[in-house]
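Residue numbering begins at 1 within each chain, and the chains themselves are lettered A, B, C and D in the order written.
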Amino acid sequence: MKTTNAKTMHPLLRKFGPLLGCIVFYVVIMLLRKADIINGYYMQVMLFAGVNVLMTASLNLVNGFTGQFCIGHAGFMSLGAYGAAVITTMVFKSNSIPEAAQIPVFLLGLLCGGIVAAIVGALIGIPSLKLKGDYLAIVTLAFGEIVRALLRLIQPIGGARGMIGIPNYANFFWIMLFVVLTLWLLRNLIYSSYGRAFIAIRDNEIAADAMGINTTKYKIMSFCIAAFIAGVAGGLYAHVLSFIQPDSFGFVKSADYLVYLYAGGSGSLTGSVVGAVLLTILPEVLRFLATWRLVLYAIILIAVMLYRSEGLIGGKEVPFLRIKRSSLYEQPLFGRKKNGLSEE
Amino acid sequence: MATILQYLVYGLQLGSVYALLALGYTMVYGIVGMINTAHGDFLMIGALGTYFIAKLFDSMSIDGTYPMLAVGCIILIATVMTGGIAVGVEAIAYRPLRNKPRMIALITAVGVSMFLTNFPRALPFIGPNPRPFPTLFTPKTFNVLGASITSTQIIMIVLAAVTMLALDRLVAKTKIGAQMRAVSMDKDAASLMGINIDKVISITFFIGGALAAVSGICYASVYPQVEVYMGSWLGNMSFVSAVLGGIGDIRGAMLGGFILGIAQIFATAINSTFGYAVGFIILIVILLVKPAGIMGKVTIEKV
Amino acid sequence: MRILEVKNLSIQFGGLRAVDDFNLSLGKDELVAIIGPNGAGKTTIFNMLTGIYRPTSGSIELEGESLVGLKPYQFAQRGISRTFQNIRLFSNASVIDNVKMAATMHSKDNLVSSLLRTRTMVKHERELDEKVMSLLEPLNLADKADLLAKNLPYGDQRRLELARALMTDPKILLLDEPVAGMITTEIEEMAELVVRIRKDFELSIILIEHHMNFVMPIADRVKVIDFGKTISEGTPDVVQKDPKVIEAYLGGGYQNANA
Amino acid sequence: MKKILRILCLALCVIMAVSVCACGPSEKKGSVETIKIGLAFPMSGMAAMAGKYSTHGADVLKEELGGKITVGDKEYPIEFVVMDTEGSEEKTANVYQKLIEEEKVIAIAGPDSSKCMLAAAPIAQNAKCPAITSFGTNTAVTEVGDYIFRACFIDPFQGAVAAAYCDGQGHKTACIMFNNADAYSVGLKDAFVENYNGEVLAIEEYSGSDVKDYNVQLTKLAAQNPDVLLLPNLNVELGLQIQQARTAGLNCQIVCGDSADTPDVAKVAGPAIEGVAYVSAFSAESTDEAAKKFVDAYVELHPDELPNSNAELTYEAVKMIVWAIQNAKTLDRAGVRDALAAIDGLDLPSGKMTMDPETRNPIKGGIIMQYDADGITRYVSTVNP
């Protein structure tokens, strides 16, 4: 059904369709916002959902595609958040710079935040050469805690009191732009020789090594890219909330992203999007339950894992997030079914 | 010298809590192969349960302390109850996922943990308030080379060691231990050998839950405050201990717990500002030197 | 010029000398078979020749370059590729991706062009697809290109491993029991395939195998290993008649198989 | 493919359902408009206890009002909308948006912590909705803008009160153990160090309230043998800290911040609580009429517990809002803000309260309270540094 559509679609439409869709989505949302059908509350939940999508997708690169086990992802986020906030509030005082310069400063901040996180990501990648599985997980957990403990002690950036007065630059446009851009870049990456190297390491590290894949290099690269994205996401988070403090980026937050990732379906970008968005919205939807809210949230989470243990979107991708192979076969790269021939 | 000895006592005290909890953690990991992030919450249930059972026994309490028999009953009931809850959790939430990737069970365990803390928190008669833990034993204080050590501390440290030995023997020598080892190596093959896997895993969870309850009682005896979130971070620390010792290894779990406890205390003693971070740095360094934990062997995958 | 020179290769695990003084001089386009009873140390030799184990002593020289101490991926990049006795595919990736993964080191695309999916990068991908398909065709895997590797039948998985090893563009191919668990007709097919690959790709091949009726017709030379030591060496005919070999390994088994 | 579509549809349905639910109440029309006051407190998460006391405190006022509020000579129904912040900044920001945009509350009381308030305050300020933090002691909170108020002390004041008290008692040397992960704790410590005339012998730290072992720090401090020990820490930690301090041989005077004003601290600390002094704005045994009325009403509603500082401050915050609504010139958010800033001599349990219109902090004196051996609090002195 869908494939025939895709075949008959005009190639230009096929290429720019998703982009067009995004623009239409953005315009519709903004119109609804203007009409006040979508109020500030929904807008804000959407902003957080966007940040969470970035975080989950980047965690997916490490855990889902490269098969490493990182449980301290919020640590990278905090580095990015602080890095970006320092640029926009301390290096360039946001209220004293002309309006035209604000956006470049904001983007510079995000870039710096991302780079700081990526550098540390590379450092964390190094133990991953030696440590496997749970042992690596513990190192990432410890890393997250160390970052948190150190941020509390640096007084110029507020210490335990946190940083206040971060300008509110990250609006829906920027969040959406970064989500779309990141998903596009990640998709491209995964369907390239780099992505194949990551998946090879995940599926069988020894064989990957024997096939000439420098596992060390690719593992560090995976950590680095994921940390960069997490850093940018942290920067956006800081500029949505306009206040950050070290304890927001603790283990609980890292665990949240793990939940989003695996409930959505690891190894699938679509899963990351769906998991992050739905699970960001769910606790808000359950507000009418008052004190019993998180009890029901927990039950729903357990039920999802029991009944769809591969995640909501396990192992599948929507058409925009996968790339079809030349023209010979119209099949998903990591799909489960082939015309007529089903899974054995 | 006396101060260092005193710090060592504190380190052993904290370490024995980690160790007792890590023993159950590592056992469940070794036999079922899952990271049960809800393990720390079993500790909370054990301690909170003890509090409420002790309330029921309150008429027997003289001067705020209970006669030995009552103490035995309280501990027994709390331990069995927690073990039972652990078995129930396994049957409902973990069993259906036994053959799924282990990350799936991990996420389910996060959900279970969330449920176990939030459910009592939402119950009106429990709620989020911290409560004073009843004095089950009146501690005697001894003076050893200038450092003071209480009977409770000695009991805890000894208990951790004895439990470790008992578990080690249980797994190595008894029939159920042999079955556990068989299940841990190959569930399908064990099943073909006529081993009732469900039963073995239930027993494992029972032991794990009961041990968590015991460590909860120990923890609350030296830090006498119980509340619903008390187990969350302890659970993580016991996971860290278990991994540090070589996850799945019973002796390693105890060693890991004590090392972590002592490392944290001494790091804090040297500089309390950085103590928290330094504790974790020590952990990373140990793992880089011993990539499979202290007792764990690096398994070379057969090619 | 010999392509591979292995001299006095030994490895020790604890007190056990798993391989002792192994020597091999491999010529271009030569096919050498290593045979020996289970546990004789054959796979250990392969693991040393691909960098997975580091030999305790001895040298490995590929076209004059010493390889001892390099990482496995560097062995592969220098032209030694292998298949595994216990199949090691990238099980959650499709057949075509399995093969493409082996071409990673030849990829001409850098990180930026991959992230942006530039025109050149797409062109390279397309060329790669075609190359892979042309490799899968003769191996009877072309129509299964989009199945997940873990869903393939056993024989196909073996051939996929072969395809993957070939994709690294090796000078030397190491085949670790390529026909283990196969039935007679499949073994014959595989023998034909190995011969064809050797010719088409101008490869030197070292193979480990138990099935004598697979090894004997295709091997140029045979080395017999027992307890880590080379006990006999020569053309198949010579080895078959060596009494030491018959005693140590072939015994009645080979004669039965030959009958 | 179909499955994906199905899931996407489901997701869409969920989103739509939310929007419908949300749009429902805001479109409600009636002749008499209900006045809504938002309450943002942590009902779950580590800080859930603060949320519990806070909402219980608000319940007292709710009972007092009986669901009605008279403005001028017109009677309006009044409603308290309680929302859970989980003690997280992110969730608090969501709660503020929801209360302001969807529930259309006229003003918000809470949350109790500075960190959550710092994330939420810009939202209230942008929407021009008055907000009063009950326990956000960080000075920066009210500096966000002219719509942000507070019901409690600020850190520097509290630290100064504690320091003045210690000086007044003739304590020449002090030791401090504080939580370097908590802004309240850090703030109090800094203010104490700045204002204290005696000598601070040693400062020990710990991070977070996760594992409650303070033995090492307290043993080190005991070796200093100070006249006074300052514990400016969270109420879930204080009980054990006081106990461990006594065990470690610190038999000196212990002084805490207003977080110590929680019955649970005394319960957990047991006999060790005797003599612990803390800074407070309020005392449960105060004979002041407003205070007595509040405590009686509270105990009647929640027979098993006594009010703590969270409960009292939330009561005061909501009471201020109610008073402001009644005295506002115009019945909108701006009017309420102006009325809040003009509070002068309002009768509250902690005494007559005047709002400083410049800083939007209440002007109230500091009281030092002390626990006796049974964990009952006694008034010691009023300190105005």
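Annotations for the structure displayed:
In the analysis below, contacts are C-beta pairs under 8 Å (C-beta built on N, C-alpha and C of every residue); 3 or more make two chains touch, one makes a residue touch a chain.
All values reported here derive from a predicted model rather than from experimental measurement.
Ranking all chains by how far their C-alpha centres lie from the centre of chain B, first place goes to C.
Mean C-alpha position of chain C lies 71 Å from that of chain D. Taking each chain's centre as the average of its CA atoms, chain A and chain D sit 35 Å apart. Between chain A and chain B, the centres computed from C-alpha atoms are 34 Å apart.
Note on chain placement: the centre of chain A and the centre of chain C lie 40 Å apart, centres being C-alpha means. Each of residues 44, 180, 207-208 in chain D touches at least two other chains.
Shown for chain A are the residues that touch two or more other chains, namely 149, 153, 206, 291, 294.
Each of residues 52, 84 in chain C touches at least two other chains.
Pairs of chains that satisfy the touch definition comprise A-B, A-C, A-D, B-C, B-D. Listed in rising order, the residues of chain A touching chain C in the complex are 185, 188-189, 191-197, 199-200, 202-204, 206-216, 221, 267, 315, 323, 325-326, 328-329, 331, 333-336, 338, 341, 343-344.
The touching residues of chain B, counted against chain A in their complex, run 35, 37, 93, 96-97, 100, 103-104, 106-108, 110-112, 114-115, 118-119, 121-122, 236, 239-240, 243-244, 247, 273-274, 276-277, 280-281, 283-284, 287-288, 291-293, 301, 303. For chain C in complex with chain A, the residues that touch the partner chain are 50, 52, 71-73, 75-77, 81-82, 84, 88-94, 96-97, 100-105, 107, 109, 111, 114-117, 121, 125-126, 129-130, 133, 145-148, 151, 164-165, 167-168. For chain C in complex with chain B, the residues that touch the partner chain are 43, 47, 52, 84, 86. Residue ranges of chain D in contact with chain B, taken from their complex: 44, 46, 48-49, 51-52, 180, 204-208, 210-213, 215-217, 219-220, 223, 236, 239-240, 243, 264, 267-270.
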